[in-house]
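A single structure is presented below for examination.
For clarity, chains are labelled A, B, C and D in written order, and residue numbers in each chain start from 1.
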């Protein structure tokens, strides 16, 4: 099964994000899916518990890595119609995100029989790039 | 200032981990520091909210990435006696961690004037490697 | 000093690529620079000595990594007007390149006071993506 | 087929390294294999054509990346008894290597049904770490 329309894909991705217990706390939300282009966008609203600093409304680096993992996985899993294990994950931190929500847009760059690769851009409310991620997933069917 | 004794280093690292609001929720804890060898170990107790699956006592990949960022940062920051920004972070997922707490042991592999690099091993209660991390930090003094 | 025009930038990058003894053997060539967009493209003609396989006109993975390092470095160094040390380098191999020349297009994604980051796409003659690279350089002035 | 003894493994790895046309020029050489521990060491003698600088007997970063790819691949391929495609490759450059040969020691950290992961340490003649590599290979049998 693969997701054929953007509406079906968005429903699939929304259900996918509702599943992990961690997400009940984190509250990531699917805001856009484009099956044709292989992209999916997840929004993450700011909350003080997500911060590294007690003095600033910033984000812990681990939360940004988590958002990248979520968006990359949702993007590829939605294309494939099934969940896939993460093989590896890389994050490049470009600038601090202060007093803003975040969005992460994932793009499939490879969807092979063995592995899939997604690129992820994390942006703040002003559209500035906060971090870049690249995720590799195992796509092998067992 | 740098931390000269293991006791001073452990007190410094414990204070460092107490600071971020995210850690109040996540509850990572410093369990060992060896200044001479450049290592530091952080323990993370399992809680259901940390899971990816609603059916298994596993860990979300983002939590493992967060633990790696925390351990690597604490290790280098404790050596330097000050916090440092993360430049990039990489995680290789080796096996699922089910029904276990986690420990992450970071080791400094470079502590230069511009950047520092830490390797991190995440293990389960049985000592099996769950994931490997490598973190690069900016050590430039402003 | 920074390179202000595309012509000046291309002359700078061409001189930069002429310098390393390795390049006399490898023969990478600057084919495009866009200072405004922060991009630079390097072409690498195929030669049998660059192959991994004795039976196919393919490329050794190390040659693709080398091409990524060269393009990323030339892109950032041309922007800054000086050579910069590589901190780390990552390569994702997407598909085999058989019986084709290669081009690598680098794009600056960050050019800070401490580090710079470039993304690099390697393509074959048909424009297909062969590999993706991401390079981090130290931009600190000594 | 898998390689059972260190002597058989070393013969296999030596034949593996003799195959790629690139290696005829580069001249990497297997100097140690330990099947039990999952390690393999490749030596690379210095030659002026491998340099980045015309003024120093250093190594181009691409050559170090190539050496890491070769050692990681030889290590896992020797364990499995067959060649495997590289999925991704990462290199952290720790210090310049001047006027020295290099050795790269690879260690298998994962050898699963879908992917295998090797860590690689590159050292100079004095035993100092020059660079760290981590390579992911596809181990799926077609």
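Methods note: a residue touches a chain if its C-beta (ideal position, glycine included) is under 8 Å from a C-beta of that chain, and two chains touch if they have at least 3 such contacts.
These numbers come from a predicted model, not from an experiment.
Colleague: Using the stated contact rule, I'd like to know whether A-B or A-D comes out ahead in C-beta pair count.
Modeller: A-B
Colleague: What is the chain whose Cα centroid lies farthest from the Cα centroid of chain C?
Modeller: B
Colleague: What is the distance, in whole Å, between the centres of chain A and chain B, each centre taken as the mean of its C-alpha atoms?
Modeller: So the centre of chain A lies 22 Å away from the centre of chain B.
Colleague: Between chain B and chain D, what distance separates the C-alpha centroids? Give it in angstrom.
Modeller: 28
Colleague: Would you kindly tell me how far, in whole Å, the mean C-alpha position of chain D lies from that of chain A?
Modeller: 34
Colleague: Residues of chain A that touch two or more other chains: which are they?
Modeller: If we look for residues of chain A contacting two or more partner chains, we find 87-88, 90, 92, 136.
Colleague: Once you draw an edge for every pair of touching chains, what topology comes out, line, ring, star, complete or other?
Modeller: Contact map by chain: complete.
Colleague: Which residues of chain C touch chain A in their complex?
Modeller: Those in contact with chain A are residues 90, 92, 94-95, 109-110, 117, 119, 129, 132, 134, 136.
Colleague: Residues of chain D touching chain C in their complex?
Modeller: Answer in residue numbers: 19-22, 24-25, 48-54, 60-63, 65-67, 69-70, 73, 85-93.
Colleague: Taking the touch rule as given, give the residues of chain A at its contact with chain D in the complex, in rising order.
Modeller: Where chain A meets chain D, its residues are 87-88, 90, 113-115, 136, 138, 140.
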